[in-house]
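Listed after this line are the structures, all set down as C-alpha cells.
Two complexes follow with chain A in common, the first pairing it with chain B and the second with chain C.
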Partner chain A sequence: MNMMTADSVRPARTPTDQRRLAGARRPVRARVPGAGALLGAGGAAASLLIWEIVPRSGVVSPKYLPPASEVLAAFVERLALQSFWTAVGDTLITWALGLAIAFAAAVVLGFLVGSVPLLRTFTSSTVEFLRPIPSVALIPLAVLIYGTGMQATLLLVVYAAFWQIYIQVLYGVVDVDPVAEQTARSYGLGRWSRARHVTWPSALPYLITGVRLGAAVALILTITGQLTIGSPGLGQSIDVARSSGAVASVYALILATGILGVTVNVGVRAVERRVLRWHTSVRGENTA
Partner chain B sequence: MLEVTGLQKIYRDREREVEAVRDLTFQLTEGELACLVGPSGCGKTTLLKCIAGLMEPTSGTVELAGRSVTGPPPDMAVVFQEYGRSLFPWLTVQGNIELPLKEKKLPKKRRGELVAESLEAVGLSGSARAYPWQLSGGMQQRVAIARAIAYEPRVLLMDEPFAAVDAQTRADLEDLIRDLWNRFDMTVLFVTHDIDEAVYLGQRVLVLSSSPTVVQDDVSINLPSVRDQLTTRSDARFTELRTRIYSEIQNAKHTSAAAK
Partner chain C sequence: MRRRKILALAGATLLITASACGGGESEKSGGLQKITVSSMPIVDVAPLHLGVDQGYFEDHGLEVEIKNNTGGAQAIPGVVSGDYDFAFGNITSVIVARGEDLPMKVVSNGVTTTGEQGNDFGGVVVPEGSDITEPAQLAGKKIAVNNLKNIGDTTVRNSVRKDGGDPKDIEFVEMPFPDMPAAVENGEVDAAWVVEPFLTTALSNGATEVASNFVDAHPSLSIASYFTTEKVIAEDPELVEAFTAAMHESLTYADANPEEVRRILTTYTEMDEELIEEIRLPAFPPEADPESAQAIADLMVEDGLVDSEPDIDALFHQK
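So, the complex of A and B:
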C-alpha cells in the first residue's frame, strides 16, 4: 500500500483530505542531490543484508522467510519462464484496461456532473455512500456475475480506480479561475470552446493526480482479484506457488509485483511532467 | 459610439443588498480615449463588467454602436488588471493571442499576420514562442494588450491594467497605450484609480463618486496630443487638472460620508 501513498499524493492543488495525507507522509529530502541516491542505494543494500542474515541466523525460520539470495535466485529463474511473462502480461492488461475504462467513465461523468451544480448536489450523497465501499467487498458479486475470468477482476479494478479519478475531476471542473473564464467570455468563446480551452486545461492537474492515485489503486486491485478470485495473472501465480509450497517463488513473485508498482508510478510521473510542464507544480514558482 | 444610460447595479444575497452603482450615464464618441477615475471601491470594475457584457445591470442600458449590449460584444476587447490570471499559462504567447482569432474563424495566414503585427506593436516580437510565465509582469501585460489589439476591437476596455506593475514599467505602458490608440482605430475606455495616470492618458476624464456611484464630473483634458512623461507631467495645466480632479474625489468621499 505504501507505494501508492508515500510520494504519489503530492499534487499542487487537491482536496484537503489528500493534502493532509501527503503532509503526514512526505518523504524527507536529502540536501545534496547525489547524496540522496547514494543513501537510497545504501539503504536498499542494508535491507537485503538484514534479509539475508535474519533467516540464516535462525531468528526467523527460512521455511517462512527464505534468505534474500534464494529469493533473488528464484526471481531470476522465473524471468526465463514463458508462464511468468504470460502472467505479467495478463496483469498489465487487466490493470491498463481497468484504468482506461475508469478514466473514460470518470472524465465524462465528472465533467458532466461537475459542470451542472444541480446534478452535483443531487448525486453527492450517493457518491459519498458508494465511494468508501472497499472494492474487495464486491468480490462475491464479481464472481457471481463473471465467474473467475478476467472480467471479475476488471470489475474491482474499475470500481476502485473510478472514484479516485472521478472525485478529482469533480473538484477540477469547478476550480477555474474566474478571471480566465471572464477573459474567455469577453473574447467571445462559446460554452464548448471554454470547456475545451479553459475548463479542460484548468482541470488537468486534478485529473493527472486522479490518474496517479487511480493507477496505483488499480494495480493493487488487479493483484488482489487475481489472488482471491483466481483470474489469470501474477496474483494467481502467487497463490499457485503458495499452494505448492514454493516459498522462495512466492517471495520472488511479490518482488515482481513491487517492481511493477514502481514502474507504474514512474511512468505516470513522466506523463505528468510532460502534460503539466506549464503548471506551477512542475515548473516551480521561481520565474521572472 | 458607446452609450451608458441610467446604469444601476445592486448585488443581492440572502441577508442584504449592496448598491454598487446607482445611476451612471455617459457617452463616448468614436475614437475617443477616456479615463474613468474614482475612489477605490466605487464600483469601477462593476461598471466595466456591465459594459463588457460580462454582468447584467440591475437596470439601465449599455449600447455599443446603437446595439444593446446583452453579452460580450464581438467588437470589444477587455484588458484585465490580473494579467497573470487572464493569460492562459498552458498556451504560449502566440497561442494566447491566437485563441480568440481562431474562435473568430480567421484563416491561418491572417492569424499569423495579426499575431506578428500586434506583438511588434507592443515591442515583443521575439517572444511568440515563450510561455507567459517566462516573462516579467510588464511583459505579460504587454502580451495581454497584444491579444486585445490582434482581436481588432472597435472599443478597448482596460480595467486598472497597470495597477500591478512597477512605476517605470507603468510609465512605459502608459506611453504604449497612447501610441496604440494613435496607431489603431479604436475607442479606449481606461479605468484607473490613479489621477495622474488618468490625466496623462485621457482626452477626457470621467470622475466617479464613492459608492453608490454616479458620474461626479466630466473633465476635458486640454493638453497637447503628443504627450511625454517629463514635459507633460510638469506642464502647469497638468498640475491644475490633477488638482481639480483630486479635490473632486476628496469632495465625493466627504459628501458620501455625510450622506451616511
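So, the complex of A and C:
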C-alpha cells in the first residue's frame, strides 16, 4: 500500500516552483544535474545506517531484527541460488497474469457499463458492495476452488487489481468532454468512431492511473497469497525461511519483494510516459 | 448486469477448465505414477524427504511431488478436492475432519514423541525467571499455541490436569510458532507451547521448559500422520499400498539414522546448520500407536472439540 500512497501524493510541479520563488536567495540544489538521484541515494543510505544502528545498539534485539549488513549479506548469497530466481519468476508470472486478466476484464466491462448510464446505475450498488471486500478474505474460497497452486493466488490478485482499474475506467468514460462529444457527433462520427477517437483518449489517463494502482495492489496480493496459501513464489520462500527460524533470510526475501515493487513501479511509470506522451500531465510545463 | 454475469461466468469457466488441466490428478509416466503430497517445511516431514532422496518411493513405482503448505487448514480441502493424493497433518485435524463428514483415513504414521520427559521435540516453555516451575502452575495463565482447538491446547490442558491443576481458566492465544520465542522473551505471554526448531531457540534465549505435553498425553503419542480420503483408498488401493510401504521404509530409515535426518533438513528448510545440530529430533517409528490416537480422542471429547466419541478403528486404514 505504501507504494500507492507515495505515488498519489507525489507533489506536482507548482509547489516546487513556488518554493523556488519564495526562497530565491537559497542555493537551488535541485538545479544541479543528477542531484535528485544523489539525494535519493543519500536517503537510502541513511535508512540503511539507521537499520544498522538500531539492532546493534540493542534498541531492538538483533535476534529478531538483524542489522542491515547481515541481511544484505544474506541477500547477496541468495542471488546465487537458482531457487531464488525460480521464486522471483513465479512471483512475476502470477503478478503479470493477474494484472493482465484484471486489465482485460476491467477495460471491457468498464467501457461497456460506463457508456450505458442505465447499466451503470443498475450495477453501482453491487460494485460498491463488492469493491471494499478485502481480497484476503477470499483466501478460504480460493483454496477451496483452486487448492494451493498458482490459480488460488491469481484469484486474489485479479479480484484486487480489477476494482482499481475498473473504477478508473468507469470514471474516465463518464468524464468525456461534452463539447468534444458534440463536435464529433456534428461531424457525423458513428458510435464506434466516437468511442475510438473521443472516449478512448479521454479515458486513457484514468485507465493508466488504474493500471498503476492495480500493478502495486497486484504485487501485494501476489506476495500475500503465496505467503498465506503457500503458492510457489517469493511469498512462499518467506514462509519457509520463517518456519526455519532463519531471520536474516526472511528479511533478505522481504528486501527482494521491496526491490521488485520499485521495479514494477518504475516499469509502469515508463509505460505511462510512453502511452500518454501527448497528454498535458506528461508533456508538462511546455503547455501553458 | 446480465452481460457482466455472462462474462464473469465465462471467465470462471475458463479458469476452472484451466485448473482442471493442471490439477494434481495422479498419472502414469515412464512407469512411475506421479503423486502429490502436501507437506510443511518443518522437521516432522524429514522421513518423506529422505524417502524421496533414498529412492524408496521410486522402488514402489511412485514419483513424489512434495508441495509445501502453511498448515492442515489448507491440506484437508486440498486432499478433498484431489489436488493432493496424500497429506501430512496432525491427528487432531484428521479426527476433526472425520467429525465434519470429511472421510479422511490415516495411511502412515508421521511423527511420534520421543517419550522422554524434558527431551521431546515439543514442550511448554516459560520466560526466564518465571515463577512457573510446575505444569499445575499454568492454571489461569496466558499460553501461546499455534492453533486453537487443536492438539496444542488439548495436550497442554491435559498436562495441567495431570499435575493437579485446573485448566479451566487458561487463556490460550493463537500465535505462529516462529513468533513464540520472541513473545516468551518479551513476556507477552506467560508460557508457550512450542516445537522444534523454536523450542531450541527459546531455550537458548533463556526460556525454561516446564512440561512435555506430548509425553504427558501418551508416552508413544503419534502427533501427526499421512492421510488421504476414503475415495482414493476405494478407487486406487494399489496406490495407497505403495505409498504406505514406501513411507514404512522411509520412517524406518529416518528413525535409525538421525544424522541423515539432520542432513536432509539442510535441503528443504532454511534452518541454520548449527541449529540443525542442536535441535531435538522426534521419533519416527514406522507404525502409529492406535492407543495414543485414542488418548487424543479422549482429550478432544473432554475439551468438547468433538460432539461424539470418535471411532479410532475407522481412523486408520486397515491393509
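Just so we're on the same page, the second predicted complex is superposed on the first by the 256 of 288 C-alpha atoms of A that agree within 3 Å, B and C clash if a C-alpha of one lies under 4 Å from a C-alpha of the other, contacts with A are read in each partner's own complex, and residues count from 1 in each chain.
Keep this in mind: a residue touches a chain if its C-beta (ideal position, glycine included) is under 8 Å from a C-beta of that chain, and two chains touch if they have at least 3 such contacts.
Just so you know, these numbers come straight off a predicted model, no measurement behind them.
Following the overlay on chain A, a side-by-side fit with no clash is recorded for the pair chain B and chain C. When the shared chain is aligned, chain C comes close enough to touch A:Gly230, but chain B does not. By the touch criterion defined above, A:Gln151 reaches chain C but does not reach chain B. Once chain A of one complex is fitted onto chain A of the other, the partner contacts of A:Ser243 are limited to chain C, with no touch recorded for chain B. Once chain A of one complex is fitted onto chain A of the other, the partner contacts of A:Thr183 are limited to chain B, with no touch recorded for chain C. With both structures placed on the common chain, the touch criterion links A:Val198 to chain B but leaves chain C unconnected.
By the touch criterion defined above, A:Trp278 reaches chain B but does not reach chain C.
Once the two complexes are laid over each other on the shared chain, residue contacts for A:Val113 go to chain C alone; chain B is not touched.
Between chain B and chain C, it is C that contacts the larger number of residues in chain A. The overlay of the two complexes leaves chain B and chain C separated by a minimum Cα distance of 29 Å. Chain A has no residue lying at the interface with chain B in one structure and with chain C in the other.
Remark: chain B residues 49, 52-54, 72, 74, 76-78, 80, 82, 85-86, 88-90, 99-100, 103-104, 131, 133-136, 147, 151 touch chain A in the complex.
Put simply, chain A touches chain C in their complex at residues 61, 63-64, 101, 105, 108-109, 112-113, 119, 122-123, 126, 143-149, 151, 154-155, 227-230, 236, 239-246, 249.
Put simply, chain C touches chain A in their complex at residues 1, 3-4, 7, 11, 15-16, 18-19, 22-24, 38, 40-42, 67-70, 74, 77-78, 81, 83-84, 176-178, 181-182, 185, 197-198, 201, 205, 269-272, 275.
Contact residues of chain A toward chain B in the complex are 177, 179-180, 182-183, 185-190, 193, 197-198, 201, 204, 278-279, 283, 287-288.
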